[in-house]
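Each of the next two complexes has chain A plus one more chain, namely chain B in the first and chain C in the second.
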Partner chain A sequence: MSTVNPSAAVQVTDIKPEIPPLKTKRHPIKSHYPTWFFIPVIALYVVFFAIPTFSSFYFSLTRWSLFDSKFIGFGNFVQFFQDPQLYTSFTHTLVYAVITSGAKVLIGFFLALLLTGPIVARGYLRALVFFPVLISTIGVGIMWKSLLDPFHGMVNAALGFFGLPQPGWFTDPNLALYSIAGVDIWKGVGIATVIFMAGFVAIPNEYFEAARIDGAGSWKILRQITIPLSKGATATVIILSLIGGLRSFDIIWVTTGGGPGFTSDVLASVIYKQYQAGFYGLSTAGNVVLFLLVTVIMVPVSYFLNRKTVEL
Partner chain B sequence: MTRQRSRAWISGIIAILVSTVVFVVPFAFVLLQAAKTPAEASNLSFSWPTNFQFAQNFWDTLISNDGVIWRAIINSAVLTVCSVAIMVVLSAMAGYVLSRKKSKWGPVVNFFVLAGLIVPPAVVPTIWVLQGLKLFGTLPGMILVEATFGLSFCILLFRAFIGNIPRELDEAAVLDGAGPIRLFFKVVLPLLRPVVVTVIVVQSVFVFNDFAGPLYFLPGDQNVTVQLALFTFSGQNLSFYNLLFMAIFLITLPPLIAYIFFNRQIVAGMTSGAVKG
Partner chain C sequence: MFSRTTATRIAATLGGVALLGATLVGCSSGASGTTTITLMAGGNDPAATKTAKDFAAGFEKANPTIKVKVDTRPGGTDGDNLVKTRLSTGSMDDVFLYNSGSLFQALHADTQLQPLTDEAWAKDVTDDFKKTVSTSKALYGAPVGTSFNGGIMYNKKVYAKLGLTVPTTWDQFISNSEKIKAAGITPVLVSYGDTWTSQLFVLADFANVSKQDPSWADNYTNNKAKYVNPPALAGFTHTQEIFAKGLMNKDYASLTNVNALKELATGKAAQYPMITAVIGNVVQSNPGQVNDIGYFAIPSDSGEPQATVWEPGGAYIPKTTTGDKLTAAKKLVAFLNSPAGCAIQNSAAVPAGPFAISTCKLPSDAPALVADEQKYQDAKQTGLALEFLSPIKGPNLEKILVQVGSGITDAKAGAALYDNDVKAQAQQLGIAGW
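Now for the complex of A and B:
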């Protein structure tokens, strides 16, 4: 364009905008990261995740048949917290999440300590502990339902052999939820263990050596070095297992289906039951309750835990 | 030193004994049950099968209920392969741009990625969306939903990994005349091989083992997946415990094989994805 311009004065002003390209020359790559690479991800995320999540707040306030919805205010939520068949699931969810999460942290920590310490057959033991993480929850559920069968099950046969009481693991209303939690811990402790192991291995060896030279015993090393310096791993295990516990459905549905009665119903199983019964509005209200519960617990927990993470 | 070695042996032997009771016996129980006759299996006892008919039960399970298990295996295979392929390619693209381009939208994107990990999916509204798109109860619809649910995890892994690939490489490729698409697919993507393997294996196991997803979004006998088939099987075949346990064994095989070959990647993927999450 400047070649056909006869006026020198204009040419000077024309050159001026040429200076910024000098600046961009230092980052010539920038345009090579096309923003449209996001479009497919955003499309999927919006259509199958964001829209359902946001619309669930509206539909939870309606009587809904999927084709038309009638606004009824907070009726679904009132029903949810008045009907004992429904609101007990709320407490069950909390109890279940806290028990499974706490046990996974404690057992996982202990196992990781054992498996990073001096021990023979480490690889075999690690593989064994981790394997249940990978197999189908449905398969695990059926397997444990047979093992814990009150009359024929192997566990009760063994307990009977030693003259111990033989509880109805999944059939006793006071025990069912805890039995399921036990199976959940059995299946999920492997992931907690490998996270803790990764955390322990990341602690520089000098810390342990220095402490040992200073005459610290193994208990003191554990309390003063291993536990504080693996806070990141602990935070991860707590967060992951809490989320998993709060959302837990498969293992409960396959072992007891929420029973006996409603004694092992959690929010996720109530959501499914109400969906099956055709109460879509009520089911979605349950979903919103679960969403709020997860948010209310996870936001402060993750804030608190991440703040206390020690940088190595 | 000898004291430490003997301690290693003692704790090792105790650990092996305990882990045998806690972990090996249940798995052995599944295998033994799968080899028994129906009458013997219904006892649920931990005993050696008097009539060892593992191979026969294997075939009986495959052909029972008009070969529903075959249909389930095919459906699960299609679902797993397609959804994992979609989420790997799309989230690699997104994670790549996310890690290379620093923008003021970073915190917002982070928020949505984490939300995707934490927030429980709103199931019935998702069904409503799928129905609106005429995808409810179809395999393509289920594939897209599974792909969406896996995005956050994959993006986090890819972003962390791409952050370690030097930018100079991109610059060199651009100087050699590569456009943005060539740069990504020909230069960056091949370098992501280790993390791609991790993501593929971990997500395949997740999708293959998913039960709630197909339960809600993929009803109907034609579309049955292995987890649903196993669940239905456990409800109706109480007189054929041997076949039920054979089915459990069959469904455990793919993750078992994946674990044998990709042990390192699976553990790395689950721990690193977890630490970032």
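Now for the complex of A and C:
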């Protein structure tokens, strides 16, 4: 454990963990480029982001059939909150976000510890962990759907071979949401691992050496040095995965479509189903609600996590 | 620093984009002498694409001065949204194939489609079909394809082997199913791997509901009749009963429609609540066993079961098609049900029931269940599906019925949930009384 890793040492000198921000004096920001240079980007931004965003706020207040729209005030929001599926889907969304985010942090952290340590075939293992990130989510969903098919899937065939129970991963109402969360973790843990690895190698090696000279054990080093000094990475992983979990849709839609029944419905899939049904105003209102929800959860979380980083 | 070169580059890029755009626009204006129109297929599956392509080829042969380009679209709700978007942005194909009934009603035909009331073929169309593609002002569509029924598709060989007769009451259906189960054959196929298939006990029971209460559909549209009450509740209780009595296949949660049909055709299973339109899949997968499959209407409590009929989809012309293109488009619509057009309909797709226009006739090799459907027609024991009598269909029916049919909720609770679900649809359509 205490052997100095030459490649890590090189990286430590290469990566500067804390670049002090340049002291900016209070004078107007001077651009390096002429103003007209920004016009195309601004035009694109206005046409494709600003106008749709603001018009969606308007359409969320209308009953909209694509052919015409009728202003109905907050009727859509009232109806959205009266949806009997809303509260279950809301709970599912939170459960799903917390499970996937928590698991990605934990598993990613320990995988990163393993993969920054001196182990055999490290490059290969790093590639292996990151590989699922490269596959399209839809592909991942279809692949796991066939692997976890209750009757013809490879996983249940293997379980059956050893005489173990063969659950209906995506078809059991009590299990579907957790199965999807598992697939999401499998797919997303690679990103978390890479972020943690970057955080770990940025910790100067001197700290570890000093701690060892002072007689600190591995556990103490982990708790007192690695965890506190990789807080920036932890914050990034939590924020990214929590946002991803709150608005996750694609993998749920491919594997269960929110089913069986409504047992794995999340906010995004409820909204999508409303859009499919042609309730354009209602689903736009749902998106505004989802936007507010993500903001309300993420702004304090992000503020809290980033404040901690600064204090260190 | 590099602003001059950048400016040149940007100008060049923008110019290139503009040129490309101009080229694309240039493509769509046809050569002189011939008119080019576009035809949107009723989906993007092989059958829908082939039907549209065959129509185009057959029509071009008969009308050398008109070219027809075929366009496809997704099926299901994605297709619904695409059709509405294309119509509302004025970019719809000159002729498009789309559902009749409640989905047609959602297109705002009076402002979006060309009226076809005065076309020569209109007099040959059945009255039932006319209702499903008309508003109070005009007729907007010509039928494409055959009508089909909803009910129970069953394996005749299994029935013969076990000495069973076609049930007319629900109790007979259950006792038949118990006997089939005792013989080691799956009594009732349930295929929630395709969630839409969960709806058949409810949707295909509607002719029975209409029979008991002819004004049910109107009352339902006016927020007066509800699924939590009989007679409409029967569909939900039937769905629950099949699960509660263990009369369905074990892999019900993941089985798909196509695989369920294979089990039905091969006699591994005996009965499948379905729409007969899917018989085309059996022609593909088990051509030797197509005629082993028969049809009967959903048994009712009264013992006089009525067959629920779905009308075929229609061909429509959008308001944005005008002038020469409109003339050509109308010719194409007329061609669909001409003798040549009927031949294409019979060869490209498998007929699943009687035609909705008198100019088209079924081929002699139509699947055996078509004859079973015809018996109900001849005995006048049919009724239209609810989607042709009321514009309201809640979007979550299939999911709610998966819940009922998997024992997650009971029939009454499911029906109440669905009554609530249709509210959003009624409000969206602006129907008074909701």
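In the analysis below, the second predicted complex is superposed on the first by the 274 of 312 C-alpha atoms of A that agree within 3 Å, B and C clash if a C-alpha of one lies under 4 Å from a C-alpha of the other, contacts with A are read in each partner's own complex, and residues count from 1 in each chain.
Here is the rule we use: a residue touches a chain if its C-beta (ideal position, glycine included) is under 8 Å from a C-beta of that chain, and two chains touch if they have at least 3 such contacts.
Here the structure is a predicted model, which is why all the values come from computation and not from measurement.
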item	value
Touching partner for A:R63 - first (chain B), second (chain C), both, neither	second
Touched partner set for A:I227, first chain B, second chain C, both or neither	neither
First, second, both or neither for A:P150, with chain B first and chain C second	second
Which of chain B and chain C A:L106 touches, first, second, both or neither	neither
Chain B versus chain C as contact partner of A:L292, first or second or both or neither	neither
Chain B versus chain C as contact partner of A:L164, first or second or both or neither	neither
Chain B versus chain C as contact partner of A:P173, first or second or both or neither	second
Contacts of A:P40 with chain B and chain C, given as first, second, both or neither	both
Partner chain(s) touched by A:Y275 [first = chain B, second = chain C, both, neither]	both
Broader residue contact with chain A after superposition on the shared chain, chain B or chain C	B
Interface residues of chain A shared between complexes with chain B and chain C	33-34, 37, 40, 66, 149, 275
In the complex with chain A, residue positions of chain C that touch it	3, 6, 10, 77-78, 80-81, 84-85, 87-88, 106, 108, 111-112, 192, 195, 250-251, 253-254, 395-396, 399-400, 402-403, 406, 408-409, 417, 420, 424-425, 427-428, 430
Residues of chain A touching chain C in the complex	33-34, 37, 40, 63, 65-68, 70, 79, 84-85, 149-151, 168, 170-173, 257-263, 273-279, 281-282
List of chain B residues in touch with chain A within their complex	4-5, 7-9, 11-13, 15-16, 19, 22-26, 29-30, 33, 43-46, 90-91, 93-94, 96-97, 100-101, 112, 116-129, 131, 133, 144-145, 147-149, 151, 155, 167, 170-171, 174, 179-181, 183-184, 205, 208-209, 211-212, 215-216, 226-227, 230-231, 234, 241, 244-245, 248, 251-252, 255-256, 258-259, 263, 266-267, 270-271, 274-275, 277
Chain A to chain B touching residues, read off their complex	28-35, 37-38, 40-41, 44-45, 47-53, 55-56, 59, 64, 66, 114, 117-122, 124-125, 127-139, 142-144, 146-147, 149, 152-154, 157, 186, 191, 194-195, 198, 232-233, 236-237, 239-240, 243, 246-247, 249-250, 253-254, 268, 271-272, 275, 280, 283-284, 287-288, 290-291, 294-295, 298
